[in-house]
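Shown next, in structure tokens, is the structure this report addresses.
Chain lettering (A, B and C) follows the sequence in which the chains are written, and residue indices restart at 1 in each chain.
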């Protein structure tokens, strides 16, 4: 059983690293499209990777930030941005974009779950916890787009993204309230969120448009 | 006298609900103009309604946020955004815009007063308290416009809006320093702010332009 | 020796005032270019002057903010914005821009040093402290540009600015870890940051462009 849990922890760490890398790369790509300079690429990469969790910690008044406790993640994203600028060229962008879809979806699920979990621990009501999960998963990308001076893609591309995090957040809350063990709630939330996101991408689902 | 106070509390609650609804609707309208998807409409509605007070609480380090204590307000704004998307059409926009002018002005006054009050309670100097009032009343709309990728209307439309909150904030500080009871300071601030705003709208006052 | 320290304190205060004024003026100029109204000019001036330090205090969970402890700085920036609008005309803009280059560079150095110092005091790791210094020095301008609805100049103009703060931050960390007295670390950081910035301006250095 101990062995089993160790596998679980390793898996979780891998998903976290892959998700953070995917978020950072989404920032790097966006920065490149907007022709930012090297400083801008770094900042947008950092914002995309850490912005959501930082905003959650600010709102929940949690300190130290997770990237202060795990400063090696800062160094990792720094190195990733540097490597991207050294070796990535425009003809790699589309493949990268497609390649990060899965880790991005997994990261969305994991970050949502951690946000909901942390909010529930501090005694927040269910809706607030779900919103905290959504903020954790989605607002890194929102900050990235605001700094890049465009309407956040999540709010305007009519693809289900934040909606997946919102639904997945309720899955976590449900599992929590049914008294499920932590790893099961986490697994259900990540599986549901990432699965829904990949399904939406694959079937090309669109959010209903407001016919004004 | 008890009866009188009950009436006052009810009135205040009504103004708060009407003001929050007006702020949320201003977000919904802006989101519709920018052709956001359903998720974007919700987020911008939430930001417009709760952004100012949340920023104030962040700056004053107050927790829990008022929308955590009154989670029913979150549900209310959620329902309002949903209803707007279901039943509101483009030809309703102008009437809505005109219809929310008064509740928006009352909300501006009330939110300014609560911001000033809360800052004075934590011992802030007068100017800081007034700025906190202004942030509470105005920065929901600022965040709304930033997410919608435009220069905040309050800073560029040359209409007196933030100025009304600023002046009303000083009215509150003045009443407070003269030892007026809370309800009188509140009434004076709301009346002055909302009155000034409606007067400015009616007489079409313009802020002085910087003739560069 | 007492005399010597007094001179140091006075010098530091002068640099702080000059730097704050330069930052505020950069906001005023940007606001004028974007044709903001009087309220917008004030807000953007405040954001440019105090935004970076406020964001640092938010992230480090420090209260009260420095502009609450020194409310006279708020009044000063208010007066400065007012004077600028009364007496500055478009043909003064370029000279102002050139004139604030030096105080802006000194301010960048000083604010970076205070950010690093405060983060080290609260036990942050070196990289986090340097990033806090960078945020203190640079993010006032970032917030200014976000409100003015453009990509932050620091991230897109290919001039070394944030990079100078980043390098200067490491100078402070190095001096701190070598056990240098506070005034020496401060002097080294300000001198290095401001010197590098002025050198970059003078020699027209460019950040390496990512050849995608």
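Here is the rule we use: contacts are C-beta pairs under 8 Å (C-beta built on N, C-alpha and C of every residue); 3 or more make two chains touch, one makes a residue touch a chain.
No experiment lies behind these values; they were computed from the predicted model shown.
For the pair subunit B and subunit C, the fraction of shared interface numbers is less than half, so the two copies use mostly different residues to meet. Relative orientation of subunit A and subunit B, expressed as the C-alpha superposition rotation angle, is 120° to the nearest 5. Taking each chain's centre as the average of its CA atoms, subunit B and subunit C sit 31 Å apart. The set of subunit C residues that touch two or more partner chains comprises 58, 61, 146, 149. Per the touch definition, subunit C reaches subunit B in the complex via residues 31-32, 34-41, 43-44, 54, 58, 61, 63-65, 67-68, 71, 74-75, 85, 88-90, 93, 146-149. Against subunit A, in their complex, subunit C makes its touches with residues 58-59, 61, 124-125, 127-128, 131, 142, 146, 149-152, 154-158, 161-163, 207-212.
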